[in-house]
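In what follows, a single structure is set out as C-alpha cells and then discussed.
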Amino acid sequence: MSIIGKLFGSDDTNALVMDEPRPTSFLDGAQDVIGKPINRVEGPLKVAGRAPYAAEYPAERLVYGVLVRATFGRGKLTKVDDTAARALPGVIDVITDYDTFIRSPGQGGATDAPPQGVQDVQYFGEPIAVVVGETFEAARDGAAAVRLEYEEADANFVFAAHKDQGKEPKKDQIPGHSKQGNFEKAFNDAPVQLDVTYTTPSQNSTAMEPHASIAEWRDGTLILHGAYQMVASDQQQLAKALGVSADKVRIIARYVGGGFGSKLGIAPESVAAAVAAKKLGRPVKIVLARQQVYEATVRRSNTEQRIRLGTDANGKIDALSHNSLIANTPYEQYWEPVGVGTHFIYGGENREVNHDLIPMNLTAAGSMRAPGEAVGMMGLECAMDELAEKLGLDPIELRRRNEPAQEPEKQIPFSSRQMIPALEQGAQLFGWSQRKKAGTDRRGEWLYGMGVAAAVRSNQLQKSAAKVTLTTDGRAIVDTDMTDIGTGTYTILAQITAETLGLPLDKVVVHLGDGKAPASSGSGGSWGAGSSGSSVYLACEGIRERLAKSMGVSVEEMTLKDGRAIAQNRAVPVTELIEENLSVTGQIEPGKQEKKFHQASYGAHFCAVKVNAVTGEVRVERMLGVFSAGRILNEKTARSQCLGGMTFGIGAALTEELIHDERSGKVVNRDMAEYHVPVNADVPQLEVHFLSERDIHANPIHAKGIGELGISGAGAAVANAIYNATGVRVRDFPITCDKIIEQLPFDA
Amino acid sequence: MRFTINQKTYEADVDVRTSLLDLCREHLGLTGSKKGCDHGQCGACTMLVNGRRINACLSLAVMHQDDEIVTIEGLGTVEDLHPMQAAFVSHDGYQCGYCTPGQICSAVGMLDEVKKGWASHVTGDLDQVSLTDAEISERMSGNICRCAAYPNIVDAIREVAGQWGEQAIKPAPRSAAEQPAQEKVSA
Amino acid sequence: MKTFDYQRADTIEAATHANGRFIAGGTNLLDLMKLQVETPERLVDISRLDLNGIEEREDGGLSIGALVPNSDLAADPRVVEKYEVLSRALLAGASGQLRNKASTGGNLLQRTRCYYFYDTASRCNKRAPGSGCDAIGGFNRILAVLGTSEQCIATHPSDMAVAMRALDATIVTQKADGDKRRISIHDFYRLPGDTPQIETVLDAGELITHVELPAPPAGKQVYRKVRDRASYAFALVSVAGVIEVKDGVVASAALAFGGLGPMPWRNPAVEAAIVGRAPSTEAFEAAADALLADAKGYGSNDFKIPLARRTLIATLRDLTA
C-alpha cells in the first residue's frame, strides 16, 4: 500500500454539500490556465473528422434499423402489416413490441421509463415499429412498405379551440400557479396599465446530429452508443423501459452533436434498437431521419402569454401578472415554465405567475434551450418595451426603476446580480444613445431600429461526481459520465484539473460520456459547468490534500505549478509524492446556499435591425450581449455559448416555427428546408462581453451556467428593434414578413 | 465499384441506392463526413468532388466511380491539420463539432470559387469579387451550424483567406508521393 | 428509396432509348426518391454526356448545355455581362454546394416544395393523382396564388427558370425517335388543372439537351427575391425583370415571377400595362393590378398577394430609375 493509501485508507471521496459559501478557491492558482481563452482540447479531433459520434462506432455483424411511424394523429393500431416489407431483399425483420417501445422521448432527468405502449397512438409520427435490414437502404425501403391498420379516435390538434381546457400543472422547478398580494386590485388601481398577449410557436432543437443509437448486447449487458446529454438518468430510463436492472445498461456518449434539450432523455430509437438487437443477436444501428427528429423528439411547447403590468406614474411596477397557456401530449407531465424568470427579474408587491397546461395530441413537449426563459422572456421583455414606450421612458431607465434589492417573492438576497450594470455597459458599447424614435429612421427602402432586453437565467446546482487520477508519470485523468454537447466540457474540466493540480494542460486527459464512470449532473439546464466542474475540482482538492500531507506541509502553504509542489522553500515533483496512481472522487451536492441566496446569471442584449419597408424582410445588422455568470472558466468557449444562445434568439424572433396541420396533427414543415433555423447570412458578427464576477454561494468554483443565458431575452431584443425600426408591434412570434408587410409604409 | 477517395482507391460492393455519403460512412469507415438531414438542407455532408464542394448525401455513390473525392480525412490529420482546420480550432469555429467537417470542406471549396472569380448573391458588381464578411456568410449559408459558431467560422475563413492565400484555397491532400502507392481497401 | 436499375448513358441516343428516368445532378430527384415521392424503376445517368458547354449562337444568343451546373452558368462571363438577371437568379437559389451539382436541365424540372407533396402520408394530387389536396384547407404559406386549380396549388420553386422565362428561353430536346424539338419556355410548363402530375409538355423519354437564350435584351436587368431567411431559402415571391426605358417611356419590358404560381409566371398583360408609358406609380400599379387580377389566396398564403404587388412595384422603380 502506498504512503497515501496508508495515510488515507480507502476513503477516496471528497464530497461537499453546498450549505455554506466557499469564498476561497484553488482555481485562483499558480498554473494560470483557468478563464483563459484556450482552444478546445478535443478540437483537432473534431476538425479532422476523427471524433466519433453515436452512429460512428464499428460493430461486427451490424444491421440497420429504420423506425416506422404512425400516420394518424390518435387512435388504436390494429395491425402492422409487414408482408410487403419482409418480402424486400435485405430486410431481416420487422419488429414491434407495443408494450416496450416508447411513445415519446424521456424527459430530462427522469429516472422512470418514458411513456410506453405504442399501440395507443397519441400523435402523428409516433414510432410504432422498426424494420431491420442488412443495409440502411434495405431497412429504409422496408419501413416505407409497412402498412398500418388502425381505428382513429377523437383528438385535439387545435390549440385555439381548447384554451379553456388548461389545468394547473404539478409543481416542478416552479409552482404552476403562484400569487403574492392582490394583483387584480393593484392592477385596477394602477395609473399606468399594460395588458398584452404574446404568442410563441412550437419549436424544435434541430441539433445537427440526429438522434442515434447503436445497441449491442454483450453477456446480458446492453452497450448503447447514443447521442445523449444525461447518461446516468438515461441509463435508468432505458433499463426501466427494457425491464432490466440498471447495471445491465451502459450508455456511451463521448461526442454529442448538439442537444439543446432534445437529447436529455432517451429517444425512441434507443429502445427499438435494444429490443431488435436482443431479438436478432446482432448489433443494431438506428439513426432518426431528420423528419423523425421533427415528428418524434421533443418540441418546445407553443405558448400564449398574457402579461399585465401596472405601475405608478414613474413606471414603478406595483402589479405584475404573467399568465401562460402551454400544451403537451395528454400523458405527459412536463410543462414549459414560461414565467420562471418573471418571478425574480422585477420588483412589485402584487404579482401572479400562472401556467395552465392543455392536453393536445401533438409530439411531446419537453426541454429546449432555456426552458421557460427562452419564450417567457420574449414575452415579458417585449411587454417591458411596450411599457417604456407608454411611459415615455428609456427602456433601460424603466428597468433601473424596477430593480429589486432582493428576490421579490422569497425575500432572500441575490447571490450576485449585475443586470443593470450589464444594461449600462451594453448601452455604452453599443451606442444605445443613437437610438431614434420608433419608425423614423428610413434610408431608401430600409427602416432601421435598435432594441434592448434584459437576460436572466436561474442557476442550478445538481449532484455530480467525477474521479480524478494523478498518475505516477505526472498526468491527471478525469473520469465522469458527464457529456460535452458542444459546450466545452472537455476543455473546462481539463482547465479546472490543470489549475487545481498545477499541471500543464497537456498533462490532463478527460474521459467523458461513459455510463460506467461516476455519475454526473449531465448537460442540461446550464448546470453542467458548475456542477460537473465542481466535482472535478473537489476531486483535485482531495488530491491536493493528500499531496500536502505526503509532503508534510499544510494545503494552504503548498503551491502546485508545472507538475511540482512548492512549499517551505522546497520544490518536489508531484510524482515523487505518490508511489502509485492516486485517485480521488469528487462529489458536489446542492445545499442550503440555494435556499439562502437566489442564484441566477444576468445579462443584456442589444440589437440593431433593418426592415425592408417594401417586403417586410428583417435582417439583423448588429447584436451585442453583456453577461455575468460568475467565474468564466474559458473565455473562448463561454463566448461561443453566448453566440449560440443569441442566434437561437434570432431564430425564435424571426423564423423558427414548428407547424402542425390542425386537421391531422401532422408536422407540416418537418425538414431543414422549411423549419428555418438561422443560416450564416442571418447572423452578423455578434459581440459578447463578460462582467467580472465570482459567485461564492453557487459552488466551489464560483461559476454559473451560461449556455442558456445567451438566449434569454435575445429574441425580445430583436423584436423590440423591429418595433423601433417600424413602429409596428408584432406580438405573435416569429416575426415573418407576412405579419408586418401591410402595416409598413411603402413610401417614405 | 471502385472509388478514389483522398487519393486512395477503395473497392466496395454496395447497393445501387447508396449515397456517396453513406458509402463513406457505412462502408469505408470514413465517418468524418456527417449526415445531418440527408436532403441537402444542412451541408454537414459536404465533400470536394473533382475539387468542387457538393452535398454527398444527394449523390449516388455509383455515379462517382471516376471522380476524385476528398473528404475531411483527406484535408489534414489530427497531427497535421490543414490550415482551414487549424483556423477552425483557433477561432472556435464550432461547438459540438458535428457540422464542422462539412463547414471546413465547404470553406475550402468556397475559397476556390472566389479564386475563380465567382460572384455570390451579395456581390455588388458581378465581375468585382472581394471576400468581405458578408460574402463569406452568404457563401457559407449552405452549411448550417445550430450551435451557431457563425461569427467564428467567418473569422476562421477570413484569416485563412488572408494569410494563406493560394495554399489554403487549394484542397490540399498530402501529396501523392507521401501516400502509400494506391493502397487498396476493400469493404 | 425503392430500388432501381442504374444505367449510365454514353450518348444522347442511348439515354433517350433507355426508357428510364434521367438523373444528372440528382439534387431534387434523390431528395424525393428517399421519401418515395419519386419511385423510378430505372435511372439513366446522363451526367457524363457531352452537354456541359456554353456556346455563342449566330443570332448573338447563347446555347447552354443541359448539364451545365448552376454555378458555372452563373459565373460564365457572357452570362454575367449580358444576362445578369440569370446570374442573379441562380446565385439567389439554393447553396454553393447545390449549385455545383444542380444542372440547367434539372433545374427547369424541379418539383414543387409543397409540404404535402413531400409527405406520402398526405393527400396530394400531384404525387398520387386523385387522392386529393391537403394543401387546400391546410397550411399553405409557401404555395401558389396564381394559376391554381381545385386539384393543386403547388408552386414551382426554381429561381433560374424565372429568369429564363423573362429572357424568352427556348428548351431544346431530343426524343427517342431522334426528333429534336425547340420549345419556347412559355409553352414548356403546364397549368395543373385536373392533371397536376403533368408539369411540362415533355414526352416520356424526351431529353432536354440545351437551353437557348436569344440575343441579350436591351435595358436594365434585375432579379429580386423575397424570402424568410437571408439565404438558403425558397422564394416567397421573386421578380425577374428586364426593362428598357427610351426617351422617357418604357420601350420594352419582360417580367417573370417566382413563388406565385405552378410555373415560373409570366403574363403579357403585366408588361402591356407599362410599355409605351412613362415610368410612374400609376403605371406600376396598373402592372401589379394586371398581375394579380386573378390571384386567389388560400389562407396562410394570402399575404403573397400584397407582397407580390409591393415587390413588383419596387422592382419596376428600380428597373426604371
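Order as written gives the chain letters A, B and C; numbering starts at 1 within each chain.
By our rule, a residue touches a chain if its C-beta (ideal position, glycine included) is under 8 Å from a C-beta of that chain, and two chains touch if they have at least 3 such contacts.
Values in this document were obtained by computation on a predicted structure and should not be read as measured data.
Novice: Looking at A-B and A-C, which one has the bigger number of contacting C-beta pairs?
Specialist: By number of C-beta pairs in contact, A-B is the larger.
Novice: Find the chain most remote from subunit A, comparing centres computed as mean CA coordinates.
Specialist: Chain C.
Novice: Please compute the C-alpha centroid of subunit A, do the same for subunit B, then give the distance between them in whole Å.
Specialist: The answer is 30 Å.
Novice: Could you please state the distance in Å, as a whole number, between where the Cα atoms of subunit A are centred and where those of subunit C are centred?
Specialist: That gives a centre separation of 42 Å.
Novice: Going by the contact rule already set, what residues in subunit C reach two or more other chains?
Specialist: Correct list: 1, 3, 34, 229-232.
Novice: What are the residues of subunit B that contact at least two other chains?
Specialist: Residues 15, 17, 38-39, 137-138, 140-144 of subunit B each touch two or more of the other chains.
Novice: Which residues does subunit A have that touch at least 2 chains other than itself?
Specialist: Expected reply: 137, 141, 671, 673, 678-681.
Novice: Mind listing the subunit B positions that touch subunit A in their complex?
Specialist: Residues in contact with subunit A: 14-15, 17-18, 22, 25-26, 29-39, 41-42, 44, 71-73, 76-78, 81, 85-86, 88-90, 92, 94-101, 104, 122, 133-134, 136-138, 140-155.
Novice: Which residues, counting only subunit C, touch subunit B once they are in their complex?
Specialist: Residues of subunit C touching subunit B: 1, 3-6, 8, 23, 26-27, 30-31, 34, 43, 45, 47, 71, 74-75, 77, 80-81, 84, 87-88, 91-92, 94-98, 100-101, 229-232.
Novice: For the complex, give me every residue of subunit A touching subunit B.
Specialist: Subunit A residues touching subunit B: 39-40, 42-53, 55-56, 58, 90, 135-138, 141, 205-210, 255-260, 287, 289-290, 485-488, 636-637, 639-641, 643-644, 646-648, 671-673, 677-681, 683-686.
Novice: Given the complex with subunit C, which residues does subunit B contribute to the contact?
Specialist: 15-17, 19, 38-40, 43, 46, 52-55, 58-60, 62-63, 106, 109-110, 113, 116-121, 123, 126-127, 137-144
Novice: Under the stated contact criterion, what part of subunit A meets subunit C in this complex?
Specialist: Subunit A residues touching subunit C: 69, 71, 89, 124, 137, 140-141, 144, 291, 445, 614-617, 619, 654-655, 659, 661, 663-664, 666, 668-671, 673-674, 676, 678-682, 736-738, 741-742, 746.
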